[in-house]
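Two complexes come next, and they have one chain in common, chain A, joined by chain B in the first and chain C in the second.
And now, the complex of A and B:
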């Protein structure tokens, strides 16, 4: 076999293949010749000859065809162009397309031909290339295409970019046209992209060396970043935030489509990131804070736009920092406005003057303002809840943010716990009237949700106990069932500890009903059915369970508390009777009678007053127990005689503050003036004289004489100081208990750790003050529960068993 | 190249029935002594890279559906056709002499026409023939070296068998008979060195039977014989 002769046969066939005249060639003949060359150990030479053949063909024939499509004006246009269009756009575009078409054709031809050559040279690839570890001839030929065509310079001029660079320019130019709204030949670009995808930057055929990545993609991303940066600038200036979001969404989708139809899908995440960076990540803050940004959207209920903002930021950061920040800021502002509005009412508080009706009115106004605050908070919450569902896909991060800022502004209101308890109180007394079960359920839920925000749960408990106590004792609750549901919910939310005392109150009420009925039966069995006997209804309250002001009348003067109220004999008999009955049932218990808490129905006969033409009138008065005691004094008094305040006090032992309050109701309130006072003034003084008002005229048979400020309403300053003091005391105990609990378990602990653990333990009840903890620890050391560890580097304590 | 399917190198994948539809004419031998065979184009493409290219490429054969193989011998081609349809390598089992020559010619055909499974089964047949005759095919060294390239399985197997079963006296005998060729000698020396003393010349029939022939087979990456039993 003669190599040159055999090669000549092959070479001429290869020429025919490149000239597309191969259909007559016999595959067997060519294959056999190549086989023989390899078998005769001339594989090496054959390989080199083929490569040389291809190099010649590419750099003469093909290069000429490609370069022809790159006239100087096109090259100039591609180089000199900024991103703005130019006059010759159409021409450049047509020329660009012709170049793309020619390059695509050359590439496809090259592949077809090389595929045929590879068939012919199959044995060389399989045996020679494998044995000598050479790349296949196809691979080599592809690299040749890269070197001879893509790396060639038009007319050999190095000052222009090579064909590969020119290709980038043309493609990027076309993409720019498409971004500006033109139609382009996507398939044509895609074919060229496939070429770049099929070629490698060097002879290492590894993924990251693909020309598409090394040559094109980088430039594409860089020019895209530039484009979108400019677009972002323009949009922020010219459009409102909603439009901006919509445009961004559209652009992202477009780039997606472009990758699919024109470029490669592997670019999708990268260009997405570029668009996201330029239009979202770097702009989100400006966008959200812009005039038409999130605040505007919230104020104007632009739910769809908010959803877009959310969607956009969620794309770039699952934590959505900017949106979250903005929302928190806005909620806090709106909440602070509510707080300020509520405080404005409180600021108008008159100097302490409890005897005057206007002061009372003011308190009522403040109570209304307190309720309004809660309603407003609920409304604000509902607004953001709805937004959260509608616009923010019920996202967890957003939820947390809304919760946090809500809690922040709610707790920044110093009276939030009191207001919330008042809100529930109002609903229990009035709000739930005529509401369906579902509506009540929703209301209870709202109350619980609000409660969740309140940090000082202990303060809330204090108020709730107080309000609940009054509701129960005065029978003001519309539904005990609903009351119990509320307690049940609190139990679910805050645990047994929180509701134990509240539940105890209900238990006392039930037990008291049973006691009253039992006592009635007991009296009936005694036989002497005295028709004039006084009916007795009793509430026995466990002293630690009920709020202190209920079980302790808090006299101004400690001396007074030791004085026993003097009951008239008829009443004293019943009192004793019940006490005996009770002691039989529960031996060893002390009953303490609360004259300030009870009410009595009294039948009163007012005599004829001829001067005014009044006949004899009978009225049934509903008065407090103390008022009853006062009125009874006048029974024994001759008509026209009077009693001074001091006299009344001496004969009843009613504590001064209660006495004053009751006398106000009886002698000052215009509609229930059973007594007359001299002098006629609103204040009650020690020296005032009181007369029975024989000329009292009531519109109804039954007259209810309320005690001034008996209902649940907002506390005044003095009461609040007391509540705070009480609360601080109970906090002190809670802290001590927690410290002892922790130290008992841990034996030794550093100060820092002890404080941290104490705070953690008490967090569900309130946020303990660090100074208070310090003081409690000091006190525990004094009482020898703990001792300081002397030689410890940081201050530490030891538990003393 | 793009149309090339993976060719089977073991019996783990067998041809499916849809391969037995179209036929292609194969003319073997030089004019006027050609003989025509009709093979199922699917089946022959299933096994042979060469036939795949010939029938699917852009050359004359893909249109004419006639493949002329003027330089192949009818005998070898007939044996290939037999193997193609019966899965058997049909060589005469003579007692007076071995059938190495026929097997080697068939391997060479399979190598030329890229039929990995047939190449592998020829390798197995060489080993079986050795077990049957217990005679290393020294006589056919020239034939082997003329029709194969350095990494060919047949070459390496035969050299290995020589190194494994021969000893110095046998080698001297061969020198006198003058059948050694120079290229083979180099290969034997290298093989002997690689075998080390304990194995050299000590291979018994049982060892030959147990040999892992995948070393001499053609397999795609990761495939071995019997891996899918």
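And now, the complex of A and C:
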């Protein structure tokens, strides 16, 4: 066999194959010839000849065809595009497309021919190449295409990019046109992309060295970043935030489509990141804080736009830091505004006016402000809840953010616990009137939701007990059923501990009704049917269950509290009677009568006053127990005689502050002036004299004489100090109990751990102060519940059984 | 009870194979004509393409064969091609009914299997060859088989070459006798087929190398006259020997053994 002769046969056949005239060629003949060459150990030479053949073919014929499609005009336009660039798009586009088409054709032809050659040269590939570890002839031919075509320079001019660079330019230019809204031939680009995908940067055929990645994708991403950076700038300046979001969404979708239809899907995550970086990640803060940003959207209820903002930021960060931050800031601001407004409302009366304005009026105003605050907080909360559902896909992170900032501003209001309790109080007394069950249900829910935010649950409990106590004793609740529902909900939310005492109060009320009825029966059975018998309705309150201020009349000094109120004999008899009856039922219990809490219906006869033309009038007065004691004193007094405050006190032992309040109701309040005071002034002094007002004129038969500020209202400063002190005391006990509980179980514990565990245990009730915990621990050590462990590296304690 | 599928599986496969085998003989449904001189085989693309990549490419491409449905072979021996097709349809062939002696015939089968990329056929041919090769070492076809192996099959085909080389090894003394009179045909072939001779030489040199690297040691037993040869190396940490004469067990490192090195010109009594 002669090599040259055989090669000549092959070479001529290869030319025919490249010229697409292979149909007459015999595969067997070519195969056999190549086979023989390899068998004769000339595989090496055959391989080199084939490579040479391909190189010649590519760098003469094919290169010429490609370069023909790149007139200087197009090259200049592509070059200029990045800097100035205003050459007629249409022409550049047509020329570019022709270039793409030619390149696509060349590549496809090359592949077809090479796969035919590879078939013919199969024996060489399998035997020679495998033995000598050469790349297959196909691979080599592909590299040749890269070197001879893609790396060639048009007209040999190095100052222009090579064909590969030009291809990038053309594709990027077409993509730019499409981004600007033009239509382009996607299939054509895709074919060229496939070529880049099929070629490698060097002869190492590793994934990362694909030309698509090393040459094209990098430039594509870089130019896209530039494009979107500019677009971001423009959009921020020219559009409002909502438009910005919509545009961004559209662009992301477009880039996804582009990867699918024009480029490669493997680019999708990368270009997405570019768009997300340029339009979202780096811009989110500016966008959210812009004039038409989140604050604007919230104010103007742009729910769809908010949803877009959420959606965009969720793409780049599941924690949505900017949106979360903005929301928290806005909620906190809005909340702080509410707090300020509430304080302003509460302090509506300037301090210098306070002396003149009636104290109760001021307090009422404050109570209204407090109620308004709660209503406003609820409204704010509703607004953000709705937004959370509608715009933020009920996202957990956002929810936490809303909860946190709500809790923050609510708790930053020093009186939030009291206000919440007042709000419930107001609704129980007035608010639920005429409401349907569903509405009441919603209201109760709201109350519970608010309660969730309040950190100092113990303070709330204190107020709630106080307010509930008054509602129950004064019969001010519209529906005991709703009251019980409320308690039930609190129980579900905060646990048994929280509601045990509140439930006890209801139990006392029920028991008291039974006692009253039972006592009536008991008296009737005595057979002593006195027509002037006094009816008695009684409430027996368990002293530990009820708030202290209900059961104690807040005495001014200890001396007064020790004095027993003096009841007239008729009253004393009833008192004794009931106590006997009670002791029969419950032996060993002490009854302590609370004159400040009860009310009495008294029939009063006012004599004729001829000078004014008044006839004799009878009125039924509803007065407090103390007022009744005062009025009874005037029964025994001759007409026109007076009693001084001191005298009244000496004969009744009513504590001074209660006495003053009752005398104000009886002698100062214009419509219920049963007594006359001398001198006539608003203040009540020790030396003032009181007369029975024979000339009292009432419009109705029944007259209710209210006690000044008896209803539930906001506390004054003195009361607050009191409440705080009480609360601190009870916190101290709670802390001590927790510490002892923990130590009993753990026996020994370091200081740090003990404090941490104590805080964890008490967190549902209140946030314990670390200093207070320290003091309580000290006190427990003094009382020998605990001892310090000597020579322990960190300070630690041991439980002493 | 009807038989279940599992029990009929083998029968099914057997039927399938019988059906395929029958196709070659019956020439039913053929769609490809293979010519070699005046011999013609009517075969099925589906079968031959499944077994030979050559036919895949021939039928597949843009070439004449693909369009006409005719493949013309050249340079092959009709019997070999016939057996090759038989193998494609039956996965076996018979080498007893050919004119060429089996040693040579099977070499040609291997060559055809490699040329036409017929899967597993070369393996079958080598295993058949193994059966004849030992007994035929002194014959002319043995030498011809070697020559054809080295000129018509790929260098990478070690199995075929080793089958011959091992036999040559065993009979090297005779095949390469000094007078060149007994096996002139073999020696002429060896002179002509350089790559074969190179491989023989390499094998012999390797064996000689092993022989030369042996060192004589004496038995460590006191007064034992036994000597032995060993190829132990410096890296060996434990070389065990039981003396055939005095029965002593010794286990020393190479280092230690060096004390027992000896020069001994007489007959090697024992090798290890």
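Some observations on this one:
Heads up, the rule we're going with is that the second predicted complex is superposed on the first by the 704 of 801 C-alpha atoms of A that agree within 3 Å, B and C clash if a C-alpha of one lies under 4 Å from a C-alpha of the other, contacts with A are read in each partner's own complex, and residues count from 1 in each chain.
By definition in this document, contacts are C-beta pairs under 8 Å (C-beta built on N, C-alpha and C of every residue); 3 or more make two chains touch, one makes a residue touch a chain.
Model, not experiment: these values are computed from the prediction.
In the superposed pair of complexes, A:126 makes contact with chain B and with chain C alike.
Once the two complexes are overlaid on the shared chain, A:138 sits against chain B while remaining clear of chain C. Of the two partner chains placed by superposition, A:182 touches none, neither chain B nor chain C.
Of the two partner chains placed by the overlay, neither chain B nor chain C lies in contact with A:333.
Look at A:31: by the touch rule set out above, it reaches both chain B and chain C.
In the superposition on chain A, the residues of chain A contacting both chain B and chain C are 22-28, 30-32, 35, 39, 112, 116, 119, 122-123, 126-127, 130-131. For chain A in complex with chain B, the residues that touch the partner chain are 22-28, 30-32, 35, 38-39, 41, 112, 114-116, 118-119, 122-123, 126-128, 130-131, 138.
Across the complex, chain C is touched by residues 17, 22-32, 35, 39, 112, 116, 119-120, 122-123, 126-127, 130-131 of chain A.
On the chain B side of its complex with chain A, the touching residues are 1-2, 49-50, 53-54, 57-63, 67-71, 111-112, 114, 147-151. The touching residues of chain C, counted against chain A in their complex, run 53-54, 57-58, 60-67, 71-75, 114-115, 117, 151-152, 154-156.
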